[in-house]
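Here chain A shows up in two complexes: once beside chain B, once beside chain C.
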Partner chain A sequence: MIWTILKKEFRYNLSTLRFRAGIVLLLLLIVSFAPILLNSHKKQLSDYNHLVSQNLLDLQNLMTWQNLTPSIYNPPEPLALFSRGIEENISSSFRIVLDEIPVLRSSGTSENPLLGVFSVLDMALVFKLILSVLALLLAYDSLSGEKERGTLGLIFSNQLQRHKLILGKFFGGVVTLFLPVFFGFLLTAFMIERSPFIDFDAEGWLRIFFMGLASWLLALVFFSIGLFMSSITKRASDTLITLSLVWSISLIVIPNLSSYLAVRIHPFQPRSGMTQQKQEILYERGQKINSIIHAQSIRGLVIQHDEFEPWGSYYRVATRALIRLRQETDPLIAKVRIEYADRLREIDGRHYAILMRQKNTADFLSILSPVAVYEKVMNSFSRTDATSQKEFERQAGVYREQIIDYLKGNEAFSSLRYSTTLEESQVPELDTKEEVDKKFAPIRDRLLETQPAPLEVSEIPRFHYDPVRMNISLKSVRSQLGLLLFMVLLFLIGTLATFKKFDVR
Partner chain B sequence: MLGIIIKKEMLGNIKSKWFIVVSVVTIMVFFFSALVFVDKYKLEMRDYEEAHQKNLSGLKERAENLSFIPYYIQTYQIKPSVNRLLCEGFEKSLPNTFKMDVFSLQIPEGQRLDNYMLSRFLDIDWTFIINFILSFVALLMTYNSFSAEREQGTLSLMLANPVPRSLVLLGKYASAMLTLLVLLSSGAIISVTTVKLLGIPYQGIPDIKQMALFLLLSMAFLSAFVLVGMLFSCLISDSSSSMVILILIWIVLSIIIPSFGRIAAEKTVRVLTRTELERKILVSSAEIMRTADSFGPGAGNYDGGPTNPQARTRMFNAVTEAKNQIIDDYINRSLLQMREGRKLTRISPTSLFQYSAEALNKTGVKRFENMFIQLKKYQKKLKNFIVTKDKEDPESMHLLAEWEGHYMMLSQKPVDFDSIPKFEETDMESCVKNTIYNFSLLILWNIILGFTVYISFRKADVR
Partner chain C sequence: MRCPIRSDTDKKSSAPDPFDNSKRSYYEYSDMPRKSPILKAVDLSKRHEDGTLALDHLNLEVSSGEVYCLLGANGAGKTTTINLFLNFIPPTTGTCYINGVDTRTDPLESKKHVAYVSEKILLYGNFTARQNLDFFAKLGGRKELTKEDYYQAMRRVSLQEKAFEQKVKYFSKELRQKLGLSIAMIKDAPAILLDEPTAGLDPNAIGEFSEIIVELKQEGKAILMATLDVFRAKEIGDRIGIMKEGRLVMERTREILQYENLIKIYLDYMRSEPLSV
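So, the complex of A and B:
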């Protein structure tokens, strides 16, 4: 019997204007969104390639070890076209330096911040809007509408148990809603497949499959909410109004409110406090470095002529006294800088802990909204969630360690090539003022005529980003997927319970 | 006759159950938005005052020696405006902190305590409520204005009386607009009263005239949605189908089209990334310093060799100028990119309303731009002041250059603190042109829709 109702519901749904309009709009939006998003990915990819090759070129022109401060970039994530997540909030590059350990930063400092006036566009936006509305529209009059038309009374004059009707209607919706999800994702996948810039491996497609599954689940949550509301209201138009309220609350109000409240519940420590702590540490570091320099007696005059390379300046010409000073102090200073980087990281870590506490609170508060839960699932499968960003930060930190180890292994800090391109024999021995006044300019001019060779950099470790694995993503969204399923069951059972007492006249 | 129709329609609206629910929700949102606004305003005003005082005390300290002033980095924040209650203009995501010394203005930064781990959330200002709640209410009010009467058979009864169709149309339109106006103004009154009662420091509530103009603008926007609702109610005989179509249209107009902006922006104009920008500045200064001798012999010698302060000053000034040029270009291109992105989204009345509301309330990107320009002017004024004061001192070498080591080349005399120019953000000149442009596009929407509704209702089959 359930099967008959299911078939009837399915056929009826397919024939309705709302279903057709919804599915046409969904496909239309996908057709217009996908090329734009793919194009935007292409642009990001070319920017990324440009930056990476620029970085490599700069590396090949490296003159001194002190300026080895390469930048690393988070490769644009093709899956982000499904869900942008927090990717755009966060800066996608790090500069590897001795002074600081890479820490996630707000993107406000890395790209055009004025683009903050625009809202985010991704496939998840289309799916969550259209699927939720479609599901609600299919469900809103399925009980109250039949009652109004009087057909409900007719149905029950046959030998039919009430719960069978509900289950039939529910599974009818399950099958009906499978269609837009299936065709929507199929179309998107087809357009991605045709694009030459994106090449997914099996894991990528698996992720997309899971996103499809999550979208279906979201549609079912709204469908069961629709059924539930339809069973507790008397008229179809009342159901529709109530449902539009539920919809806007779960789409707009709860996600915004939960973020706002989370920030209020765990307020930030004042920035001035954090800046001050950092300044104190930096001051202490400065004192320490100064004491290292002052501990060395400078024998002779300190004169230099600087040159620029891509990541900073270096001594093209310098007197013996300066070179000697640098060679003696640089290893010690480097040690201090690395040591204080850890201390600065501690302060950032404290700030980060607050951010995570806020995020967890916001996540907790937003479990009331299926849309917010769905967004989290999509972000995780698109690798644009906090876990992914954190992983990039971690790998950047590892890379920094590699660079430091490399420098240490080559004894770069105490080498002549740390701060200057001069060779041992070329360093001018000028000790008195008279000598400098007389000889420095000609020596400099002579030295500048020869072009020093860049450093040998082929053995410097290169950065390669290894994105978050599928099992980690799956693990992090287990509870969210369970929650969506729970909502479906909850409202279905709710409908079954209330419909028992439904007055069908 | 018109009066009777309006009265009947309005009573029908107000007495319905859903209208009561929606009104309660709307008014609660207005109340809540006022609470949030006051809370945030107080925090921001505190930050702003703090930064302001810090600048003054910094300048005061440096007044003991004229040569210290040019190298002092002042930090300014955009002054929070009360108009943000009406339209926040996404100022939350825009840079608000400007650092400057006499030589250059650094690239503005958004120094807010934002949690980048949370997805961006919207600020609930009046514009938001009108854009996302009241526009929906406008559709709910009109989606069945003809189809329901047709279904009940009352439409033909009504037209059986000697009432011209245009009058029926006008009556329905006016009553929907009046109901919305009542809803909107009661929300506005609640919001303003809340702000007034809680009290915000330094400034009162937004200007009454300002609010009246804003309400007018909002009504022009809502009128477009009322007309869309009436149009589909005429065209589609089944009221639930017309609701379905309207919901889908609402999604496209309010959410989908506005979100195209970012991609359109990124596609039309390319802006340097921060890394590229820093690199460009470094390369340009390296380039100038490499050709140091073209500024005079010995311009590139700092510590050793025969120095030539005059030539060195010329060189450093060239470096500063090149850097400022690059930063200006960057800011201008960023602004251009943003504007290009907004061009396309103007198809949707929701975006039009957002932009005209920003222009009318002088919030949003315009404010950022204004601050940048004003600070540039101030910078020039401060520089002139230093140059003039420096000229009065015969012992000074009168060489001003962006290099800390050069402070010795300026007058070492104290200056009167009160005579140093101070920065005070002046009120923006209103963006009348921009407001009127967006407003007239909104009116155009209304005229086209109104005309279509009229034509389709004239031909409508009332049976």
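So, the complex of A and C:
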């Protein structure tokens, strides 16, 4: 009997204008949006490649170790065309410096970049809008509509138990809603496959498969909500009105309200307070660096001629007194800068903890919205969620340590090439003002005639971003997937319970 | 639960009192030959949650090859009776039996023996007539039927051939009712419940409908038809019961009605004072 109902539901759903219109609209939106998203990715990729090659070029022309401050870039995530997540809220690059440990920063005006925004154009937006509406339209008159058509009484004049009708209708919806998800993702995959800029590996396709599964689950949540509402209202029109309200609340109200409330529940520390704390630390660091410099006895005159390279300036020519001073103080100053970077990171960490608390609270409050839960799943599978951004930050931090270790390992802080391109024999020893006035200019002019060789950088660690693995994504979304499944079962059981008392006349 | 078998000593020989049907069915005071009833209501009452008494101690039997027409104004209890037979609502007191099966204790088994046609039958508009028939036939347990069987069933109710594969949303009420009747027929159940099946049909369609019902009767079906149409009831009913305010106030056989004016009796009952007064 369930099979008979399922087949009938499936065939009937396919025959309805709403289903056909829904699937056509879905495919049309995919065809319209996919090229825009693919072009956007192409541009991002082009910008990224340009920045990375420029960075490499700058590195290859590096003159002094003190200017080893490469930038690292988060490669554009091709899966982001499915779900942009918080990717656009957060700056996608870090400058690796001694003074600072990489910290996620907002790229826009958002106070908390970890909180999602609604109106981002991506495939998830298309799927969540169309599938939720389609599922509700298929379900809203499932029971009340049957009653209005006079078919419910006719059905129950046969040997059919009530729960079998509900299960038949539910599984009919399960099969029906598989079609838009399947064809939607198939079309998207086809368009991606045709794009020369995206080449997914097996894991990429597996992620897309899971996103399809999550989209199907979202559709089923709305379908079961529709079934449930249809079982507690007497008329299909009443069901539709109620479901419109549920849809709006789920899609717009809860996600935005949860973010709003989360910020109110865990307010930010006043920015001035954080800035002041940082300034105090920077002042303390400055004092310490000054004391290191003042502790040294300067033997001779300190004078230099600076030259610029892309990541900073260096001494093209400098007196021996200055070079010695730098050689003696730079290792100590570097140590202080590294130490204070940790202290500055603590302040950023406290701010980040508030951001995370806000995000977790918003996530908790939004569990009432299947759309919000779905967005989190899609963000995670698209590697555009907070976990992925945090992973980029973590790897940037590790890279900074690798750079520091490399500099330490090569005794770069105390080397001549830390601050100048001069060789030992080229360093002028000018102790008096007369000597400087007389000799510095000719020495400088002579030295400037020759072009110093850049540093040997082939051994410098290179940054390679290793994206979040599938098992981590799965682990982070299993509770959300479970929640979506729970919602489906909850409303299905609710429907089974309420339909027992449904007046089928 | 099977219907208790009544002994012949239960029969009453006294003349029927049309206003006292609370404990007895027509067979209990009739001399007509007994057939085992396919549809049987025993002391059936229904009081709605708002306190309205929709049905008041109804006793009724419909045998194989018999058409029982329930006449009465809107709200008289005709549809309630059918709903109780179909177990769509639970009775307050009393029991319904279909082919001897208690509809309350074994509703699924009882529905095996009954087919139903309602007044409000829009069916699945996006399905063709055959697809509608196919679905309900399968629900009714007829899984072996072929396309030709469906066509045959639709021919029996004089549905035009061109309508067989036409979507039902384009059907007139008459065509939908015919299709509804063919759905009931294809189930091949011994009992058929018809709830105002001719309401809203033109006289020609009603005539065709009546012919089909007579055919079904001749095939041995027990037919209980709730109707407002006193003329049609007189034409096809083997027995006619008049209901008023939930009570079966009169019951006559076709034979008796040859000597009585059903229309006058019906109108008299309709115009009479409310029973509660």
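Rule of thumb we're sticking to: the second predicted complex is superposed on the first by the 494 of 505 C-alpha atoms of A that agree within 3 Å, B and C clash if a C-alpha of one lies under 4 Å from a C-alpha of the other, contacts with A are read in each partner's own complex, and residues count from 1 in each chain.
Here is the rule we go by: contacts are C-beta pairs under 8 Å (C-beta built on N, C-alpha and C of every residue); 3 or more make two chains touch, one makes a residue touch a chain.
It should be emphasised that the depicted structure is a prediction, and the values quoted were computed from it without experimental measurement.
Which of chain B and chain C touches more residues of chain A is settled by the count: it is B.
Of the two partner chains, neither chain B nor chain C is touched by A:Lys408. Of the two partner chains, chain C is the only one touched by A:Thr4; chain B is not.
Judged by the touch definition given at the top, the superposed model places A:Gln161 against chain C, while chain B stays out of reach.
In the superposed pair of complexes, A:Phe308 makes contact with chain B only, with no contact to chain C.
Contacts of A:Ser107 after superposition: chain B is touched, whereas chain C is not reached. Legend: residue contacts after superposition of the two complexes on their common chain; A:Thr151 is shown touching chain C, with no touch to chain B.
Across the complex, chain A is touched by residues 79, 83, 86, 88-89, 108-109, 111-112, 114-116, 118-127, 131, 135-136, 138-141, 180, 183, 187, 193 of chain C. Those residues of chain A lying in contact with chain C across their complex are 1, 4, 8, 11-12, 15-16, 148-151, 153-161, 503-505. Chain B contributes residues 17-18, 21-22, 25, 36, 50, 89-90, 92-95, 108-111, 113-122, 124, 132-133, 136, 140, 238, 240-241, 243-245, 247-248, 251-252, 255-256, 258-263, 265-267, 271, 273-276, 279, 282-283, 285-286, 289-290, 300-306, 334-335, 337-338, 341-342, 364-365, 368 to its touches with chain A in the complex.
Chain A contributes residues 17-18, 21-22, 25, 29, 36-37, 39-40, 43, 47, 51, 54, 71, 85-86, 89-90, 93, 95, 104-121, 125-126, 129-130, 133, 137, 141, 236-238, 240-241, 244-245, 248, 252, 255-256, 259-260, 262-263, 268, 271-272, 301-308, 310, 313, 319, 355-356, 358-359, 362, 375, 379, 386, 436-437, 440-441, 444 to its touches with chain B in the complex.
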